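Just dropping this structure here.
As written, the chain order gives the labels A, B, C, D and E, with residue 1 at the start of each chain.
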Amino acid sequence: MAQTIHIEPVTRIEGHAKITIELDDAGKVSDAKFHVVEFRGFEKFCEGRTYPEMPGITMRICGICPISHMIASAKACDAITGVRIPKAAEKLRRLINHAQYVQSHALSFFHLSAPDLLLGMESDPAARNVIGLIQANPDLARKAVRLRQFGQEIIRMLGTKSVHPPWAVPGGVRDGLKEENIEWIRKRLPEEMDTTELAIKLLLDSYGGFSREIEVYGNFPSLFVGLVTPEGGLEFYDGLLRVMDADGKLLEKGLANEKWRDIIAEAVEPWSYLKFPYFKPFGYRIGNGDIPGLYRVGPLARVNICDFAGTPKADRELRNFRRLGKEGKPVWSSFHTHYARLIEILFSLEKIGELIEDPAIMNGHLRSQAGVNNDMGVGIMEAPRGTLFHEYQVDETGVLKKVNLLVATGNNNLAMNKTILQIARSYMDGASITEGLCNRVEHGIRLYDPCLSCSTHAVGQMPMVLQLVDSKGNLVDQKVRG
Amino acid sequence: MPVVTLTINDKLVSAQSDKTVLEAARDAGFEIPTLCHLEGLTPRGGCRLCLVEVEGVPRLLASCVTQVQEGMVVRTETERLHNYRKMMVELLLAERNHVCAVCVMNGHCELQSLAAKLGVDHVRYDYLCPDLPVDASHERNTRDPNRCILCARCIRVCDEVEGAHCLDMMGRGIHCNIITGMNQEWGKARSCTACGKCVQVCPTGALFKKGSSVAEMEKQREFLIWILDGRDKKVWHWSR
Amino acid sequence: MDREELKALAQVELDQQQRFRCRILCCMSTPCISSGATAVFEALQDAIKGGQLDAEVEAVATGCMGPCSRGPLVTVKTEGEEDVIYEHVTADLAMDILDKHARKASVPSLDRVVLPRDIPFFSKQVKIVLADSGVVDPERLESYVARGGYTALANALREMTPEEVCEEISKSGIRGRGGAGYPSGLKWHMVRKAPGERKYVVANGDEGDPGAYMDRTLMESDPHRVLEGMAIAGYAVGAEQGYVYVRGEYPLAAKRLEKAIRQAERKGLLGNRILESPFNFRIDIRMGAGAFVCGEETALMQSIMGRRGQPVPRPPYPAHKGLWGGPTLINNVETFGNIAAIIGRGAEWYASYGTEKSKGTKIFALAGKVVNTGLIEVPIGITLREIVYEIGGGIPGNKAFKAAQTGGPSGGCIPADYLDVPIDYESLARLGSIMGSGGLIVMDETSCMPDVAKFFMEFCMDESCGKCGPCRGGTVQMHRILSKITDGCATMDDLKKLEELCLMVKETSLCGLGQTSPNPIYSTLRYFRAEYEAHIKDHHCPAGVCTFPRKGELTFNKVA
Amino acid sequence: MPEPTPAKKDAAKEKEHPMGDPRYKGIDRVLKRQQYQQDALIEVLTAAQEAFGYLTEESLIYIARQLKLPFSWVYGVATFYHFFSLKPQGEHSAIVCLGTACYVGKAAEIVESLEREFCVKAGQTTSDGKLTVTTTRCLGCCGLAPVVVLDNNVLGKETPETTLAKVRQALGGGNGGNGGTPS
Amino acid sequence: MTTRQNGKVRLATAWFGGCAGCHMSLLDIDERIIDLVKLVEVVYTPIADIKKFPEDVDVTLVEGSVANSDHVREARDIRKKSKIVIAFGDCAVTGNVPALRNRLQVDKILEEVYGGGPGKPPSTEEQYAEVVPVLLSKVIPLHQIIPVDIFLPGCPPDPERIWTALTALLQGGPVALPPEMRSFG
């Protein structure tokens, strides 16, 4: 008897979503779907606004990574005006972006995923959360809170608010740093570096207990997409698009941003408000249901595709990370995203250290002025969760005619679906739903740290109901957790 | 000019007899909220926020258009007035698409700060959500009717101070709207002198400097008094 | 022309009329025309000419005779006989009428359409303003003069000082017929005393209340009466320029007024040196263009000056600073219709009609669920029961009287419990309604009161000028809540919100339109609250008007 | 079908108006009679509406120039009053009175039936330009409620059925129903 | 506020149509969160694993606007089970940015956003109707669906604002924010 299991809402992710698992007549998992259940329509309601308002509007797509949207949007606006922004402004934008990586990755690792890693995948769901963590390990929790705060505080210094700061504008930024800010950052950096290294140690120490998870949590060949510096280094703010296949071969070495449409197209499915982007040259679905154009973005992809990080500590960890891939291939298992994420925090902290010591960052010229010079602008950057695309078309007065947003989480949509299918297949036995299974499937999603607010069209809280539905759609069993 | 004595909120106040109750109250240190009123423009009495109670008068009077009278007893802050003012601000917020968070005037807006001051922390009425297009055709200024409260300050400054009368109001009731020229694109309205006065007097983000980003627009209104004093009284305000 | 010549002119006209043995008066006001009066009149004229009756019989086109729903109406005046009124006259019946009255033939079929003169519809009425309506030919000055027209003006110019005229108006106790009931004499005195080079007199004929059409009838049926009243006012307050502001929907009224002004100017009854006195007075017509708010005096003045009809705050009142800054006397057309009678027959005579505080008569437009609809003029103080059941002939179809709506969108509903309340300014105000311009709509049990309130609120919402926030936004929100109620998806909280809004809009709006817009809600809530609650709590419309597609169940989008 | 304005026929005979359209003469007459006074704006607009059937943008500009008024002023006045239309009207017009007496007489049902039959919303003209359906607030014929004005003829005591029949007839032939065929 | 046996207030947070920024701002009270955890028992929140909204909650913070049928259902459930409901942030209080779509027709937006790509757009197939909720024609603030006790505007509300309100509430006092702490945006 075929059945469908519903997980609703998926929790400890940033947004609203549901999961359904379909079982065939033999009780084997035949498919698993990740549903994004909200729609906000940014692409449509932004039409008719003027482009300089876009950084402020689009950052409201997400409360966790507003900086990414603000900057991607500002970059798209820069392209519309056709100006090169002042050096100091670029450095400041990089600084705020690194600050965001610190706070966002810290949130993902400590607040959302660590409860599974440190308390166990099958521990009591009532305590398996950040509050449980605070109670179990207040010292670590305090460190985690302070790491996130460090990032948020830098954002507040520059933009007056830690969430949705009205700061980046077309042509540059609105405000610079003060001496005392640099002093504060300098003083706090070592502590945050220690916390990150501690986290890496905790994670790697726990690896022994997760060998099965490493094996089946999104461990499949796929393409990897992300930005790299012209030299091939790890890059978040600006750079060239690189596409690597599962064997480590570069399909695109460094594509100019404006050409992103050549490699990425989007599909839609009736069961999700989130679109399904795929690598265009390889196509969407083929006869046997495989999706050859499936690619992954985010920390795992970024760390896989870059040739080097460019800072000593991050490069040291990167070398260690590379050993996890089999036969010199890229690292496939999404479980290692946690590690990649921590490497990126390290990288960001090192970069922040570099940037504040650069005298050029204190230059007072922060903004270039210009009107509409191009009818189109593309802004691509690496958000914590992956590559983020903003593309605007404007009329000659600067009013938006068309807005296209392809957000990080969207890029991972196909991969997330495949990941939960893989997890469900290996942990599902018989027709009974265990709490542990639910959480494992959800953790599979959490690996991607999906920001569903970000998924533009989509946001959702993931309540979790597992439902067994027979092939005729009748409810057979239901498990509501909580 | 003869001077009259009146009582405002139990305080004895004297004022020149050609002053309005609003002016007298403000001179005496009482804050009466206003939106359509702006010193230097002819009073309009449209926003009704400056309503006050006057003893012996059954109706509430708009203080911006009511002249002081000897022996007048005025109250500017009663619970009734406060409630009405709150409701008026709620009605204004409901009739157009005021999204403070992504407005160019966020943090500097008169409507926003007035709402906060009056304790409007939510709007009890249905949002009407009209679909109004933004006009960015002008080389310097942008008009977003979604944020307009129809106070007509822009119309008055354009007519009375600049003398261009490029702006006016069209339609009626809830369908009123500010227009430029023959309801044409602002950039094509030849009577506009691009002086930008309308932008500066606008209390909200309905008129803003082109290219402003969210929360970036701030307005300066001193120019109005500078012009009027210079023009009418031959008194010039030299800044610094 | 002077006073003697005026008398002579009247005599000539009277002599002329007496030459006819029989005069057939055809009502040619808008309602009768739309019922086919033109054909009747033309058939009569043709037959008179064709039958060589020109010397003895005259067909006259007149204004309104009152019972509009019975049109086309024809009155036959025969020497030495009582006047006979016929209803529902067709061209064929007109021939029968001619046969019977001009040729003295016996036409029994006509008995069916004779309207008895002794029915309460006529006997209960007192016609002062409408005295000549349906009698005189509105397109001929002489016709009005023959009825004593313009003698009041002549007497005032000759025998009274402006001060005395104002005093006479004060003594008569007449109050503004536009709705608010402000004592006219006071206003006249104010304008007279106000300093100002140029003063103006304005007749407000922007009759916007849906359901009221007495001003139109007066302007169409007896335009000279209005002009004479204005001229007297001009003399009294010291104005040399007058305007009649005619509602845009009334082209016929404007046409007849225009004609009347030209005739009067030609005879020296308007213009320079009126009736050989030093008094000059010109009258111009200004047409409205479809805006109810222009009935509000400050908006009306804006409109006369060619601007958007948005009210301006008072004070200053028009009496001090009105048109182009000059003191301006604004009275309703009906008010001006009373002036000639007051000056002509004296304030004391006038004050003998009405109640202690409300003198004279008032015209009502009786409409809705009542047998006799039409225009009636009754002494102030008459009871609603007399109007509905005697003059109006009761409710058709044996249905129950539910309420009478007076005062239009600014007024309220009077329920059956108060049928015996005398109709005057104060009593109506106590019941939560107003006299208004005189619309009186009778509603029976098939009218749903929340729906009625919604109807009026929609009117106010459409007609709000948009200048002040409370009216602009408040009317829309009140209408929304009423819609929710009639759609069956409101809550008691909504009702509370509605009441709060009512009070706020009433107390804070800039002009009368906004201030009175909640009145229909107030009065229906006051007397029919249970009906509102039935809609909200039980999703049931007692009158069976509102339909609730999803009874008790609200879909999300409905709520949204 | 009404004449496409008689003024056009005389165009050849009369001297051309500087605006290139003889219908402007009607406006000029009123302008002169009102001595180009700015406060006569509403009268002049009325004349323009009579001449053109609606207020064309060109005519508004012409009036503004003649009266030396700002464009925005003229446009503001023209849109304040319901009488003025800035869109061309249909060949035929059906105005349904929604005054109180007509409302009590269920005039709303007449509007609905017209809207349904001819696929228009009140205030709009059918896509083929044949019929304009509008509503008004009291024509002062309350004794005859509900009232419909069809091509300037006042019809009293109407029902949805009688009105539909008369409108169909006015549109020519009994099958006026295709008047609003969406294009 | 009644105190429980463990002396803790039962607190829940929920998240409708919004961006999570208000939750982030709540986390931005930083180390005070550790103090907060001593006073409250967090019984439901998107960042914990409890799937079903529990009974008998003292205070619920609701972030986000009401934008689809799931939100309506959840809001009503929350109201039933919570003593105090707080509209948390501008989206819940005014509709805010998500309400920008209100001037458009929802079907048209869906068509335009999802048209063009390969595959079928969301919600067109019946079998997913239960999974993918129906969008409301207008995005509305929370108080238009359920009664709301306290409004905490801001996009997002500043951490200080949240802390002031929460501490006032936890101390059993009324929440009266000063003017500078209650402005929209």
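Convention: a contact is a pair of C-beta atoms (placed from the backbone, for glycine too) under 8 Å apart; a residue touches a chain by one contact, two chains touch by 3 or more.
Not measured: the values here are computed from a predicted model.
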TODO: Identify the chains adjacent to both chain C and chain E in the sense defined at the top.
DONE: B
Task: Closest chain to global C-alpha mean, per-chain Cα centroids - done: B
TODO: Specify the chain pair with the maximum number of C-beta contact pairs.
DONE: A-E
- [ ] Average the CA atoms of each chain to get its centre, and name the chain whose centre is farthest from that of chain A.
- [x] C
- [ ] Return the distance between the CA-based centres of chain A and chain C, expressed in whole Å.
- [x] 73
Task: Whole-Å gap between the CA centroids of chain C and chain D - done: 26
Task: Averaged-CA centre spacing for the pair chain D and chain B, given as whole angstrom - done: 37
Task: Where chain A and chain D are represented by their mean Cα positions, the distance between them in whole Å - done: 60
Task: Multi-partner residues of chain A (at least 2 other chains) - done: 57, 60, 164
- [ ] Among the residues of chain B, pick out those that touch two or more other chains and give their numbers.
- [x] 101-102, 106, 124, 126, 169, 171-172, 215
Task: Numbers and ranges of chain C residues touching at least 2 other chains - done: 291, 308, 462-463, 465
Open item on the list: For the complex, give me every residue of chain D touching chain C.
Closed with: 37-43, 45-46, 73, 76-77, 80-84, 98-105, 136-145, 147, 153-156
Task: chain E residues within the chain B interface of the complex - done: 87, 90, 93-97, 99-100, 102-104, 138, 140-141, 143-144, 148, 151-153, 155, 177, 179-180, 182-185
Task: Contacting residues of chain A [partner chain E, same complex] - done: 6, 8-9, 11-16, 18, 20, 35, 37-41, 43-46, 57, 60-64, 66, 107, 111-112, 125-126, 128-132, 134-135, 138, 141-142, 145-146, 148-149, 152, 161-164, 265-273, 275-276, 284-285, 439, 451, 453, 457, 459, 461-465, 473, 480-482
Task: Interface residues, chain B side, partner chain E - complex - done: 93, 97-103, 106-107, 109, 112-113, 115-117, 119, 121-124, 126-127, 129-132, 215
TODO: State the interface residues of chain B toward chain A in the complex, per the touch definition above.
DONE: 101-102, 104, 106, 133-134, 136-137, 142, 187, 210-216
